[in-house]
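All remarks here apply to the structure that follows.
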Amino acid sequence: MSQTMITGDIVSRFTQEQLDQNGYTVMNMGPQHPSTHGVLRLVLTLDGERVVDCVPDIGFLHTGIEKTAEVKTYNQALTLTDRMDYLAPLSNNLGYSLAVEKLLGVNIPERVSHIRVMLAELQRISSHMVWLGTSGLDAGAMSMFLYCFQDRERVLDLFENISGVRMMTSFIMPGGLMADLTEGFLDKVKEFLDYFEPHIEMYHGLLTGNSIWLNRTKKVGVLSAEQAKDYLCTGPVARASGVDWDIRRDFPYAAYADYDFKVPVLTEGDSFARYMVRMAELDESVKIVRQCLTKISPSGVYRTDDRKVVAPPKWEIARSMESLIHHFKLFTEGYAPTPGEVFQRVESPRGELAFHITSDGSNRPYRMHVRTPSFPHVQVMPVILQGHLLADVVVVLASVDFVLGDVDR
Amino acid sequence: MDEVIKDLIALGKGLSITFRNMLQKPVTITYPENKRKFPARTRGRHVLHRYEDGRERCVGCLLCQGTCPAGAIYIEPAENTSDNQVSAGERHAKVFDVDLLRCIYCGHCELACPTNAITLENNTAIAGYTRESLLIHKEELLEPKGTSTLGSTQAWDPKPPSTAPKEFDGSETSSAAVGQGNRPSRTKGAGH
Amino acid sequence: MTLEALGFFVAVVIKAVLFSVALLTGFAYMTYGERRIVARMQWRVGPNKVGPWGLLQPAADGIKLLFKEQLQPKEAKTFLFVLAPMISLVVALSAYAVIPIDKDPVNIFGFNIEPWVANPSIAMLYLLGISSLGVYGIILGGWASNNKYALLGAIRSSAQLISYELALGTALVSPLLMVGSLSLRDVVAQQLDHSYLNGDGGWLILAQPVAFFLYWTAAVAEVNRAPFDLPEAEQELGAGYHTEYSGMKFAMFFMAEYVNMFTVSSVATTVFLGGPGGLPVDETQGLVYRLLAHGPHWFLLKVYFFMFVFIWLRATFPRFRFDQLMRIGWQFLLPLGLINLGVTAVGVAMQWKSYQFTIAVMSMLVTLVSLSLLNRKPQHH
Amino acid sequence: MPQLDLQPARALARLLADRFGDKFLGLREDREEITYWVDSSVWADAAGFLKFETDFSVLEDLNAVDYPERNPRFDLAIICLSMKDHSWVRLKTMLAEDQPADTLERVWPGAQWYEREMWDLFGIPFQGNSDLRRLLLPADYQGHPLRKDYPVTGPPQSAYR
């Protein structure tokens, strides 16, 4: 890094003389650019249209969630996690809830775990739909975008049905769920799956066989397995490079141990492999949700009965002094886990999401660190983009599928 | 050349998909002529509820203010007097402000409310030109006099066992705890 | 100046104005149509608020663009910046001058009105020449904006237009060789006055399917439409060469693009689909028969079919990458066009009938396919 | 849930003790998570040992915690994953204020941004990091916001208050 100006603005890794000598241009891609999927800034050094060097600049969406969580009670901090990876809030909720539960040592009823699996997989479908739509759009296939968003809308309708909001649901809470499933929810999920499954075929028809798409993605943005491991890549990005690793299978959380699913792994490591891995994951998610439907009863217990962690039902506080006290204690103070720290990882749609929560015995997290999947994926961009054309940049960005809220937190 | 033929077939497949989709009915709704139906649990703008006798449900316990992750609620409680019995309990909320610009619609306030006084209802068309217009006060939050609804409470809560009282009237619990004052308890052995 | 010459002059001016107005209105409703059709392909409704079924949407857009603030980057070269969209639009409109929208002059109120603005014997050359001028608008606009994205768009555009010009030209030479004239009126007459089976007429798409395919592919690239819309690839370049343009200057680029679409569709119609020709009936039987046989409505119908294909392609396909685009142009379209031209030349020399051309061209294709099947090698990047 | 088997953890602790002597400070098990403490002087070496000589070759996370009243002030932790036997360990060290930690960039290139983040938010300097600039915050930002003595609402003179 030869040129770091006093203001800290990154220009390029090259000096002005080097740029002039080689005839390179420096081009700012972002933070306002249609294809950086948020507010990522890439400082590209171009030789014609060929990328010589790329310096990612992040932090435009830094909201200080980790700091804010330190002054919120555990339950309040849950609402912050929604806003990190805003395309997969329920996965974030799940990771956070599992971490807090581990910190507290609470046991979660089996039905809750199954519902959590179902919601997390539906979330994966919705998140992958955004990825598929935007990566289609970035390559110029504009209808893909609207088809995929329509399918995502259907998933969000489901979330709205149970939680009242479409995106920032906060539905999975430490100790269980916010509420029980609504009446007929499982039927709606089934209806959605029946509607959605043929659409996967449609997407394959629109893109997978299309030679333009193949040409745009094959051998573009190749990441080797070694690089993937060295740069902490996880999830579909690593799996497309041949790293056979999936938290759902290898560190089963919630009720994933009870489910039968495959972990798609490809070895090419290019954008097309990432595309195919995610497409296969869609199939697997549908499969998992179908299994969920057979395991979940339409109504029943939806949170732990540990009154120190979750509030008693409303009708009970009108009857029981103790419940009323629990209710008040929980909503004023919350709960205070014993000192210690936990590291809890889940497989979010983008890869490994881990909550590293340190407790000092108070009712607020002493420190909450989030290992987000997107963060290392942005870091690896210069490695992947080296020597590609400008048009490949957007395809690679889309195929890696990061969310800037997740990167900057 | 054979690849070209294969490619052309694949391209044709894509074209046929978009053509078939053109013949489908659009999935969008023309707003504002048509509005979609919100599910019962929709978390929109807050509403403060009343009992059937017109008294406010809110007893000014500050639980919602305390639990709000965004700090969007501000309450100033005041004592009820015998000639001005605003709420069912001993105290009521003199000031009840919700800053809709801060609110994140997480629903924690309705979870926290012991008397089901505050709920999030399906009014999602919230907009304003000034910050002040989006800081709404008790008068805007309260449902009009003469109406008494439970709002989305029933959509969230598990159904109580049939023996449970239908709504909170303070009769079966420690009334002091929710600001019911020293009104005599109708049943013996409140608590368990 | 004689009275006759003056009359001719006035008629040409009036026709030119009429054509321009028709094209610009057509452009406006084309944007509307495109938005509606693309919307339907994407399960949406499209613009439906302004006027009945949204029919006044183009007018609303026009008014908005007219009164929109004209922004200009501080470092832009003002003169060229303003000139560039004008070049684009003027060039696009003037290309239409030689396209006949009907077969013969029409007699209205005793005036013999020719359904074209001009009918030079080198119409095709004029078309090719003038359409390659359009690139100047794009290059100047992209360069004068003083914006790297715009410049990249302009560079892409110039390389693309120049490359595809060749393929386009080669594809057009084959049918013109069969007709033996560069005049578009002759091309139309040839297709309408003789029959395909008898040997020396019929729609040229039947005799020259490969040329048609090549022409259409090159034409899509020539007018920068998806999947060849690299110069304005919004996902990569913001908006490409017109990134910095706003208001009416942007609208001019926009108009130029759509008018160019009309032009290439019209050329495709004229050269390959028999232009204004309709059903094979005897036109001397009366007005109805005449309308069934040929007329501007047939011409428009075919043009709109091509416009629909433009929209359809745009809604479906991802965009090519620049090097792939170049490879298609130089390594696929151009060689195929040359082979096709060779076959056609031989046929013309040997005075083949129309269907013999079809057979020859198709068998050429089959030979190529089987050769490549025999000689398959791994695809390299 | 089955009880955690501590045998492999103790074996690894012995290996670390053999290698680093009294610089290896011990092993702690809490909530079924294994933490190895090392002295900050062997931080990068211990990480390298985990990567190259044990199965724990994949870095998952780098985290710091600030204890302002304590000296040394910071906890620095990495999480190392073994893809082979599906287990993981946490390696921790303590750092005084302004005491540089050795960079892990040479062990895992991907640690670079994580270290930049910790420098940015905690002010922990990493010796040998090739590009130790602020990552999330603007380059002219004053202070390190994740330190406990940094007010949540920003410094009093801050424009963002």
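Of note:
In this document, chain identifiers A, B, C and D correspond to the written order of the chains, with residue numbering beginning at 1 in each.
Everything that follows uses one rule, which is that contacts are C-beta pairs under 8 Å (C-beta built on N, C-alpha and C of every residue); 3 or more make two chains touch, one makes a residue touch a chain.
Nothing here was measured: the structure is a model prediction, and the numbers come from that model.
Common neighbours of chain B and chain D under the contact definition above: A. Simply put, of A-D and B-C, more C-beta pairs touch at A-D.
Relative to the centroid of all protein Cα atoms, the closest per-chain Cα centroid is that of A. Rounded to a whole number, the gap between the C-alpha centres of chain A and chain D is 24 angstrom. Chain C and chain D have CA centres that are 64 Å apart.
The geometric centre of chain B is 58 Å away from that of chain C, both derived from CA atoms. With centres taken as mean Cα positions, chain B sits 28 Å from chain A. The set of chain B residues that touch two or more partner chains comprises 3, 11, 14, 17-18, 21, 27. Among the residues of chain A, those touching two or more other chains are numbered 143, 147, 150, 206-207, 210, 212. Within chain C, the positions touching two or more other chains are listed as 41-44, 315-317.
Chain pairs that touch one another are A-B, A-C, A-D, B-C. Residues 3, 6-7, 10-11, 13-14, 17-18, 21, 27, 38-43, 61, 63, 66-70, 104-108, 111-112, 114, 116, 120, 152-153, 155-158, 160-161, 164-165, 168, 172-174, 177-178, 190-192 of chain B touch chain A in their complex.
Those residues of chain A whose C-beta lies close enough to touch chain C in the complex are 25, 27, 33-35, 49, 136-143, 146-147, 150, 206-207, 210, 212-213, 215-216, 218-219, 389-394. Chain A contributes residues 1, 4, 7-9, 58-59, 62, 64, 66-68, 70-71, 102-103, 105, 229-233, 243-245, 250-251, 340-343, 345, 352, 354, 356, 358, 366-367, 369, 371, 375-376, 379-380, 408-409 to its touches with chain D in the complex. Only residues 1-5, 11, 14-15, 17-19, 21-22, 24, 26-28, 30 of chain B touch chain C when the two sit together in their complex. Residues of chain D that touch chain A in their complex: 30-31, 33, 57-61, 63-66, 77, 79, 83, 86, 88, 90, 108-114, 121, 130-131, 133-140, 145-146, 150, 152.
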